[in-house]
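Chain IDs A, B, C and D follow the sequence of writing; residue 1 opens each chain.
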Amino acid sequence: MSVDLKIKIGSMVMKNPVTVASGTFGYGPEYAELVDLNRLGAITVKGICPEEHVGNPTPRTFETRGGMLNAIGLPGPGAKGFIKKYVPFLKQYDTPVIVNIWGKGMDDYGTVVEMLDGEDTVSAYEINLSCPNVKEGGAAFGTEVDSFSKVVELVRGKTQKPIIPKLAPNVPNIAAFAKAAENCGADAVSIMNTMPAMAINIDTLKPELANKFGGLSGPPIKPIAIKLVFDAARAISIPIIGMGGIFEPEDAVEFMIAGATSVAVGTANFVDPGTIVRVIDGIERYLIEKGHNSVADIVGTVKI
Amino acid sequence: MKQEKTTVIEHHNFQGEYRILRLSAPATGPLVKPGQFLELQVPRLAERILRRPFSIYQADESGVAVLYKAVGRGTEAMAAIQVGEQVNIIGPLGNGYPEADSGKTPVLVAGGYGNAALYILAQRMKKKGIAFFGGRSEIDILLVKEFEKLGWEVRPTTDDGSLGTKGLVTAAFDPWMNQRGVGSGEQGVENIELFVCGPNPMLKAMGDRAIEHGFTAWLSLDKNMACGVGACLTCVIKRKTENGWEWARCCKDGPIFESRDIMWES
Amino acid sequence: MSVDLKIKIGSMVMKNPVTVASGTFGYGPEYAELVDLNRLGAITVKGICPEEHVGNPTPRTFETRGGMLNAIGLPGPGAKGFIKKYVPFLKQYDTPVIVNIWGKGMDDYGTVVEMLDGEDTVSAYEINLSCPNVKEGGAAFGTEVDSFSKVVELVRGKTQKPIIPKLAPNVPNIAAFAKAAENCGADAVSIMNTMPAMAINIDTLKPELANKFGGLSGPPIKPIAIKLVFDAARAISIPIIGMGGIFEPEDAVEFMIAGATSVAVGTANFVDPGTIVRVIDGIERYLIEKGHNSVADIVGTVKI
Amino acid sequence: MKQEKTTVIEHHNFQGEYRILRLSAPATGPLVKPGQFLELQVPRLAERILRRPFSIYQADESGVAVLYKAVGRGTEAMAAIQVGEQVNIIGPLGNGYPEADSGKTPVLVAGGYGNAALYILAQRMKKKGIAFFGGRSEIDILLVKEFEKLGWEVRPTTDDGSLGTKGLVTAAFDPWMNQRGVGSGEQGVENIELFVCGPNPMLKAMGDRAIEHGFTAWLSLDKNMACGVGACLTCVIKRKTENGWEWARCCKDGPIFESRDIMWES
């Protein structure tokens, strides 16, 4: 029996619904010795802004019960650096590349797209409007529908490629953001970014992260992410890329039943780089076992 | 770099709180360079998910061994690992020590598990030299006989004086270094090459001396890690560049850095 | 050496800073054989509204990685039933009682206070404005500052006893709610209620909870709660009751360093009913070890 | 009700996938009434935190035993429990079965681990009667000899006919019940008293017969639990009242309910 794992995000065709969560897979080469990059539905690279950015001081991560906090702070080579250092490498693979973009101010979001848009290797943009770890603004954009919409519109005006706003989880009304994204011409939304969080060392009295706060990721947030995906799915008809604590194929399937067309493996890469392939194979096995022909057969099928 | 499901061949107390874990790892073993490390997934580690990094203490065609100390949740849970069970590792990781300069006198400086990390280097180096090992007490000075068997001269120091010179490792190293003097040709300090593995203050102390006296010191940095492969940007340190500094990843660009390249943070 | 564990929430004196999270300790009798109720700083009982309420169908809870979801739906005997069935029992103890109150509509919040206020055994009210598991409104009040403030003002007008609004975690600006509570005359705020969440069975395609959604509690949410407490503490000068995943004394101390004057043990009661006493003793031990004389010495001492 | 740190005295396979775990529990053991249960904290249960409920299979002054089947994460992790290690329990919990009516013929009906839950009842009942045990296959019919030794007549049924009557437990119970007939005095069905423990469909089938034929049936309900002590309101079922129904907690108000009190949900 054969099933069709292919899905589409706007004009981007993914050979299967599984990508990686931005920031957990570097820019591609880092895991290339351990993971066959041709197997992935898409490679999502770490956040890129127009200029080189230095990120936060260390410690940048901290392990919590069952998960982790990070406040990496979006260090990166900037758009030019990315094109020079990583595009030649990424070109070698038969896998679409989603570039996660961010800006210190509104304009940056347009600028970075202008700088990247000429590269065929760049298949789509994921717009990070929800990073809890940079002071410059990312987070604020993600929690007010107005400024959120402005950024999405701005990016929409700059490119024909698919654009995928990434939503913040710490809002009471995720559906409003999903709907705004759809109205502004987004091709999909990503749900969710890390959850704002903090840990304090009770001996030193200092936060465990140099940045004081960070984002919680991994298994602890999965039930939160499933709820957000479900809420968003009922409000929009564009696809959702679901993520948050996906460690097993069953987690990915749960996201899809909740309403995600595609899923991203994040923190699990650190724990077991084999997760991505295991998840792809597991989704296929689930579809076969349940007698489905395509991914669409299970997306949003939760019975309520 | 491989991800390998290994089988535990040997696991026992070594000395004090140090234990040795030997793994059958035919994919990983042959690739190992001295100074590289593994990311080990601790079986039955409750409530924590990340791997733990360990220097490779021994390696051959058939596998690898690590020598570790129980310091926290993960390393304590490792005590329950049984011979015969499966342990998942990723390795070898990191750059490893460079080829030693055959024109120079190799000097090893280590503290704590650093001795273990340097053992495989000592084994594989053609030229033998002198090793300074520091520790809190006699029980923390590892592998003296093994290094001596390889032809190394070992000079231990302990904080409490229970073995060798009393004091920090510098209490033995400094007199030796001063005796050699600067500019005295083959014997001069500028003609030694240091391979250092230990706690950060020791690394910095050795790096400062290297810069001051003009010799080379390869330092193995110990920074908390998450991915171990260069993807997450957790483990960065400041590396000097022409115009200032850049972040370098201890797991990928390191853990071995030359002292002149490091910009120490206070 | 002796330390003073006493704290005050408005006019209510607690012999130590540790209470229980509403809904995880019944109305008092349930754990009385296992826990000495005289040891507690205060007993916080399950949510009470004016009339008897039936709550949600089953399944009402579901275990997730490291934590749990619940959608109990606030069943309860109503104010009269509470007074009849539980007040005589609670009277026996030398421990203040915080009654958690909720309403199907705004008026209920006033009504339930009117019904309870004559009871001396009721020492304070925790106002549940953030239960994710009742359709009737609780949740909505907690995520809009205006309606939130109206409820707090209404309750303030009905009683001289301490009132403690309980804040919802799924907002981008917890400080605004904390500040609103303070401005409306609240004596303290509780942070946090459970996080809206969901789990779906991938074989039946049905949500694991009969109510579809529920609230995530336990260790997974602790880093989220610490951040919320920290944010709120910087905005207000009334005390905070911190909760979310407190399982060990060190967790409680972390909340206090983040800014909580008091802490509540919730899900941990199910796992180990000895947690409360262990936490009380552990806080005392920490204060002694660090050379402090009182709880106030550590509240909000995080170094940033 | 106690919370007790117990020590494992015995832990072994019993039959098929059923295992017996015996605990030294001097605080808990003496308090046990038949039909009560424990909330057991599974050691080394990764990623899950709640206790698991188990009927008490045996109890005496020195401790308690449970007979359990591995069906999921928690019960599978229990397999690794070692003799001598500590296991934390809360118990005895729940109401337990009432005193049997000495004027009636006691009948036990059980499926799966239900046999275990009824064993301590059978032991302590003065009057002995007949026991109907259902299971998928021979391997699922537990303790037949033990019940016989206590003086009970055992009638097994299996889905596959590998032991006793082929079919559900009703395939043996119904003919027996019909044979007694209604209104035939001491022998009549209205003069039997059922003690039932097993899967919900079995409970319901027995409850329906009890109501139809006017006999008493004490059913032990199995609902997922969180706290086990009546605090969280997870484990509720609908109990009939004069005007309708109310929630009753299986862990506190139950797990034993009389058939007429239960309002079954579809």
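Heads up, the rule we're going with is that a contact is a pair of C-beta atoms (placed from the backbone, for glycine too) under 8 Å apart; a residue touches a chain by one contact, two chains touch by 3 or more.
All values derive from a computational prediction rather than experimental measurement.
Colleague: For subunit B and subunit C, what's the span in angstrom between their mean Cα positions?
Modeller: 49
Colleague: As a quick test, compute the distance in whole Å between the mean CA positions of subunit A and subunit B.
Modeller: Computed value for the inter-centroid distance: 36 Å.
Colleague: Could you please state the distance in Å, as a whole number, between where the Cα atoms of subunit B are centred and where those of subunit D are centred?
Modeller: 59
Colleague: Find every residue in subunit B that makes contact with two or more other chains and list them.
Modeller: Touching at least two other chains: 47.
Colleague: Please set out, as single numbers or ranges, the residues of subunit C touching at least two other chains.
Modeller: 65-67, 219
Colleague: Mapping chain-to-chain touches, which pattern fits: line, ring, star, complete or other?
Modeller: Topology of touching chains reads as a ring, each chain with two neighbours.
Colleague: Would you mind giving me the full set of chain pairs in touch?
Modeller: A-B, A-C, B-D, C-D
Colleague: Give the list of subunit B residues in touch with subunit A in this complex.
Modeller: 1-3, 41, 47-51, 88, 90, 223-224, 226-237, 247, 252, 265
Colleague: In the complex of these two chains, what residues of subunit A are touching subunit B?
Modeller: Where subunit A meets subunit B, its residues are 23-26, 30-31, 33-34, 46, 54-55, 57-61, 63, 65-68, 70, 72, 75, 218-219, 267, 269-274.
Colleague: With touch defined as at the start, can you tell me which subunit C residues reach subunit A in the complex?
Modeller: Against subunit A, the touching part of subunit C is residues 64-67, 69, 139, 143, 168-173, 195-200, 202, 204-207, 212-213, 216, 219-224, 226-227, 230, 245, 250, 253-254, 257-258, 286, 301-304.
Colleague: Contact residues on subunit D for subunit B in the complex?
Modeller: Residues of subunit D touching subunit B: 44, 46.
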